[in-house]
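Sharing a structure with you now.
To keep things simple, chains are lettered A, B, C, D and E as they appear, and every chain counts its residues starting from 1.
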Amino acid sequence: ADKLSGEMKIFLDTSNPAPRATFEGVIAQFDEMHPDLKIETTIIDREAYKTQIRNFLTANPPDVATWYAGNRMLPYVTTGLFDDVSDLWTGELGEELASTKAAMTIDGKQWGIPYSYYQWGVYYRKDIFDELGLTVPTNWAEEKANCQKIVDSGRKCYTIGTKFLWTAAGWFDYLNLRTNGYEFHMELTAGKASWTDDRVKATMANWRELIDMGAFIDDHTAYSWQEAIPFMVDGQATAYLMGNFAVDAIKSAGLTNDQLDFYQFPLITEGIPMSEEAPTDTLHIPSGAANKEAARAFLKFVASPEVQTSMNASLGQLPVNNKSSVNTEDKFAKAGFEMLNNAYALAQFFDRDAPAEMAKVGMEGFQEFMVRPDNVDQILARLEKARERIYKD
Amino acid sequence: MSGVALQNVVKRYSDVQVIHGVNLHIDDGEFCVFVGPSGCGKSTLLRMVAGLEETTEGKISIGTRDVTRMDPAQRGVAMVFQTYALYPHMTVKENMGFGLKMNGHPKAEIEEKVAEATRILKLEQYLNRKPSALSGGQRQRVSIGRAIVRGPEVFLFDEPLSNLDAELRVEMRVEIARLHKEIGATMIYVTHDQVEAMTLADKIVVLRGGHIEQVGAPLDLYRDPDNRFVAGFIGSPAMNFLEGTSQGDSIEVPALKSNVKLPVTMPAAGTPVVLGIRPEHIEIDRAGDTMSVDLTEALGGTSYDYLISDNGEKIIVEERGDERSVEGSRVGITFEPGRAMLFDKETEARIR
Amino acid sequence: MSTASLARSEYAPENRSWYKRNEIRVTPWLFLAPAILFFLVYVIIPIFQSFEISLFSWDGLGPREYIGTENYVELWDDPAFYTSLKNNLIWLILYLLAIPAGLFIALFLNQTVFGIRLYKSLFFFPFVISQVVVGLVFTWFYDPTFGLFNTIIGWVGLGPINVLGDPTYVTYGIIAAGLWPQTAYCMILYLTGLNAVDPEQIEAARLDGAKGWKMLWYVVVPQLKPATFIAFVVTIIGALRSFDLISVMTNGGPFGESRVLSFYMFEVALSEYGFRMGYGAAIAVVLFIIMLFFIAYFLYSMYRDERGR
Amino acid sequence: MFPTPIQKRSRNWQFTYQAFLPLALIMWLLPLIAVGVFSVKPEGDFAAGEYWSLPSTFGGFENYGKVFFESDMPRYLLNSLLITVPTAIGAVALACMAGFALGIYKFKLNLWIFFLFVAGNFVPFQILMVPVRDLTVDMGLYNTKTGLVLFHIAFQTGFCTLFMRNFIKGLPFALIEAARVEGIAEWRIFVYIVLPLMKPAIAALSVLIFTFIWNDYFWAIVLTQGAESQPVTAGITSFNAQFRAAYHLMSAGAIVAALPPVAMFFLMQKHFIAGLTLGAVK
Amino acid sequence: MSGVALQNVVKRYSDVQVIHGVNLHIDDGEFCVFVGPSGCGKSTLLRMVAGLEETTEGKISIGTRDVTRMDPAQRGVAMVFQTYALYPHMTVKENMGFGLKMNGHPKAEIEEKVAEATRILKLEQYLNRKPSALSGGQRQRVSIGRAIVRGPEVFLFDEPLSNLDAELRVEMRVEIARLHKEIGATMIYVTHDQVEAMTLADKIVVLRGGHIEQVGAPLDLYRDPDNRFVAGFIGSPAMNFLEGTSQGDSIEVPALKSNVKLPVTMPAAGTPVVLGIRPEHIEIDRAGDTMSVDLTEALGGTSYDYLISDNGEKIIVEERGDERSVEGSRVGITFEPGRAMLFDKETEARIR
């Protein structure tokens, strides 16, 4: 490789222990290959990162920064804060990453390199299911029946911590995808469909069935997603609708592979093809970066098949390079890989598909809905009003 | 009957004793003044009567009631403080009526009593002002008014005039004298102003170090003090004291370069004594040559000559009218022996 | 004469520089210059800039677009704004409880028993701690599963209450956390105030037969007016600045029910979901205008004091 | 003295009071005591749901060790120090000078300038947020300690000047006149006469500003990010994100963050309280 | 030559005029005292001489130099403040040497001058103390020392003793008198203490409302005041004033129920006049029946009788010795006509 020198600053939002360690490993590896390059890594709390990225991109840009694919990167692309990295997408690497190319493309150019993606789905206590004689639900009726039994046994069906809002959006996404299908969901998040549409109401009605049943733990508004894990671990709740990154946290909180398992979110409306949530995590080069040469090399390095394999194995997530392999030891990664391969379509996530402001208003609405389901009309009206303003231009 | 009686009253602050068994009887309607040097316990004694300080030992009665352990409010006393202690957020009227209001008196009665006190103290036009809008003298009048309104059996004053300037002090002094005449209540008054004590008191109590030195009518203390302390304390400028030695029939006074015969029971020869003569009882003998004039001060009607005897003792002489000594000149002094007093140098007791 | 060495000095007027001649007029400005410069640049000018920015639509990066009062119009029917405004008022009113509470504790501690100094400082402790830490501490205190708060109300058969997760309680919960240090502050102010109470007035009142609550209400409290005034000032300022606690304890949630104006404007202007500088500035302007009433009042009473001297 | 000194009450009263004091204190500090206990509990206690029992073993060393050796806390603490100390020095220095000018000299704009500082001090500082952030970014000081220090100095100058001016106003003016009659240059009057007399005020104000700035959170997150320049108040939140749900570590972190101002308070108590009351009440 | 001359000096604060064109000449080495009621402009005038207040109009010269627009430091004056104004953080020695040090005098010279001042004021043993460790009198001495060290041509004192208690005040007064004798510099001294003014001054300037009422030696003012104001202001207790009407050859005085003949140029008959007699120049005529005794105050050597004439005028009489009237009794008064003074009621000017 070329000789890289100077300094390279990397900002990461991978503040959870496992991803943190993974990235530190990858960087150390890269550092070793380039002895003249001085790498400075800053790891920022994932929630804080979301508010800070804007500041540092303008005022204090690093050479590499993590972010998310899809609409979420739009504001930084339109304001020219992300560097165009289409050059990296030519040739071999471009082909290897082809599956994610769409998510990384805006105005026909690519603005970053993905390093990982992961499935969402229901993580559940297999041991409790066995104890109650439950089987994995495949449709909404089974789901509700299961849940009723769990509730009757004095447990909650689902744990969730909505303090930081986005966990509730996971529920909305899946319910909406399953109730109305991928196309409508995309229309909705793109601001092309109305929030007061009957289809949205149908989604909310489905959600409400669970809420009224007492399916979710109490007081979820007080917890972050990590703080909600103990309810599952100590058996007060039996399942968690989450991204695959949660597996590590759940396991380190005390559950074993035997107790924990995964299933796909069940079918709701007959005939609607199963599409999934699969957020892609990405790396970008800010346009103000000082050492773009090194940054490009680093992005390439991370996207390379070998690094993708090892990195995602330790992340417990899925590699984006089609030359790399999924860790088959990891039953969650394996299950996710298969599920996503068979998916009709992939959504990023509510806060990546919808613009930031809409995401904020929407997720607040979802959280409110989970506490005060009676307010549903009011909430949807508010969302609709926000939509009219936000998508105006 | 609302005289005040103190029997063997003692005050101790943890381990310091500041009042050493005081016995005192103040008659109903009497105006009693406590004087004494700073720290002698005047305020403490007064505050014990008020109930603001606990009495360590002894008994205090007002009229026929033993009040030693009573709350201040129950004793039927009212107090006027040196700093006025007016409530700054209340108007003059509210200040005066506050005590009655606190004790649940009906509004009409309060109005009436305040009006009465207002009349006595000529405070009509200030009734709705706050204390901050009053002059020092007016404030002190209000604080007296507050005391009057409560109709106490005994009035207590702790240096009520010492924060006023000279003119106002004279005015308020006359006011208090008039008030006493008009109300006729028992009053106890602490001061260290000579003139106040002399002019106001029916009875002066001279305190020193928590003990009573002498009790008596003002002129009695002036004319007939029991000891050197009282003699020096009462009268202004203070009495001159000259050292001397008894010769059996006369006193040898080195400062005068002569022997003096006094109409008193002479102590045994050789006893060291002190001769006391008030400045106003001395005449300058311009022909004399026993002392020199250090300084003279002419104030118009009066002038003071500061003399120094040849053995270094200082003597002040008050001269009347336009006569005045020349600074630096030599003079002698004369006085009526009957006006001079003799004290034992050791015990400071008066030799009569 | 023996005082030869004290011979009178010569006082010949020398030719003096311009500075020397104008020393008294120029000196204050020289001394003021740095402070004024800093203050203008960082405080005064930005206030006006905020007014200006509030008339623009601006994401902080791209070009500004002048939109007149549109931000204010939008504010006018933004429910989140009203929630914040309402919460701000609740803060203002309830935060004032710190004043009587501080007075009460000060009265409790205004004794001279052994070790009382240590007690006073320990009672003051919460004030010294950062609001961030106070926020954390109270977040755990309120935690619905293991929090001490629910444990305690559990003893009397109540709860559990999800204080910070429940829109009806959340603002009160945060205010309670804020009252903790604020009460400590007021307590110190009152303790010093009580020291300055004229003992003779207390004695006069005792002679007048005032006791206990009557004494407190009629004699002591009026004398504590200066302390009360300061307590009022700092409490109002504190209430309107209530950002840290909200940010740490609930981040505005649940669903924005615990926002106040200052938090909302931060969210709108600087959080990932916002970057509407103009809108944020408009909120700040509203906050400023509310505060302006208090500033005017403070300045007026200071002006009166200054004249009164 | 109000209320009536307890010594004048009955024995029973005195006893009750003495007994009630520590009780009241414990109630008052309960949340804090809880955090203190948390911080020395071993991890296992939390896993076992033993939140409110006494620590089963003493986990203090381990917990605090983690705070100091496995997180950015030491860096944040250092940042706080590097932000707080220059701010205190700068703000107090500016205020001494401004206070001198406003307290001693009579000139037309005097009161107006003074009120400007006072009013600025009462301004809800959020209104400054957007412009100040821009200014800092434009000066290239975003995410630097210098940027934060400069702003803090400027903003604290309002309060400090109010404080100093009132203090100086309380000095006997005759001192200044005496010096003027003696022919002492104005700046020397400041250096040799006013400054030495301001020592108590300087001490009080420094301590006060130290705690204010140490505890600042808002500006820390508006003007800085990341461990290279953020102070400990901001650091604690990212620390907490790192150890989310690890209450023993979070507690230890909270205690570490709170310790310096608390220590300052105990060491400089007299000055601290003087500062709080003197500046305002005079 | 370092006398002080004020020519048509005016002081205005924005629109209030407080000094209305004062002309005054103080000789080199003279001790000049400003007296007058509170607010009359004494301090203002003094501070204008010092240069601490700007002079609005007129001219101030010290010696031969016009100092009107000079800085205080250039005028060669030193000032002693009522509150001492000692630098609290410096020792006595540093306080005294500070001015010289700041103006770059060599160390040896400073030492020498401080030592000299120390000697004069007997401050040797306090040199290394801070002012807070000194008594009020000592502090005032240090502040005088600080003035001396600079070797000024003119000393200015603004009520230097009014913060001291009575005893110390007497002591320091004597000290200042001695100092003036020793140093011989020009001194201007503001006070409102009668005794200080009378005893210290070579020349008293009586001010009222920003005007000079009279300038003269103390006893001249006492004996020969120019107008009613000065007559009432100098002397204590103050002169009694009785209303009267000129009859051409005598004065009809209703309070005395008689006509009085004075050795003055009588004003035209019918002119309203005021008769002034000092309390110490009146004798009580116990056989008389023109007034009643309202109150008497016996101070020992002296007593004051407060009389009220039948037409309601008040008269104070100073009695010497043990004689004393009975309160409520009727008396008459007599006085030497030569001692009484006559004033025009309208203009208040003395009629000589």
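The rule is short, and it goes like this: a contact is a pair of C-beta atoms (placed from the backbone, for glycine too) under 8 Å apart; a residue touches a chain by one contact, two chains touch by 3 or more.
Quick caveat, the model's predicted, so the values are computed rather than measured.
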Hey, what chains does chain A share as contacts with chain B? C
Identify the chain pair with more contacting C-beta pairs: D-E or A-C. A-C
Which chain has its C-alpha centroid at the greatest distance from the C-alpha centroid of chain E? A
What's the distance between the Cα centroids of chain A and chain C, rounded to whole Å? 41
Averaging over Cα atoms per chain, report the distance between chain B and chain C in Å. 54
Per the centroid of Cα atoms for each chain, what is the distance between chain B and chain D, given in Å? 55
Which whole number of Å gives the spacing of the CA centres of chain C and chain D? 14
Multi-chain touching residues of chain C, meaning two or more other chains, are 23, 60, 219, 270
Residues of chain D touching 2+ other chains? 49, 185, 221, 237, 240
For chain A, which residues are shared contacts with two or more other chains? 55, 58, 230
Enumerate the contact residues on chain C facing chain B in the complex. 198, 200-201, 203-211, 214, 218-219, 222-223, 225
Report the residues of chain D in contact with chain A in the complex, numbered from low to high. 47, 49, 136-137, 142-143, 221, 225-228, 237-238, 240-242, 244-245
Per the touch rule, the chain E residues reaching chain D in their complex are 50-52, 71-74, 77-79, 81-85, 87-89, 98-99, 102-103, 143, 146, 150
What does chain C use to touch chain A in their complex? 59-62, 74, 79, 142-145, 160, 162-167, 250-251, 253-256, 270-276
Touching chain E in the complex: which residues of chain B? 174, 177-178, 194-195, 198-199, 218-219, 222-223, 234-236, 278-281, 295, 297-302, 318, 320
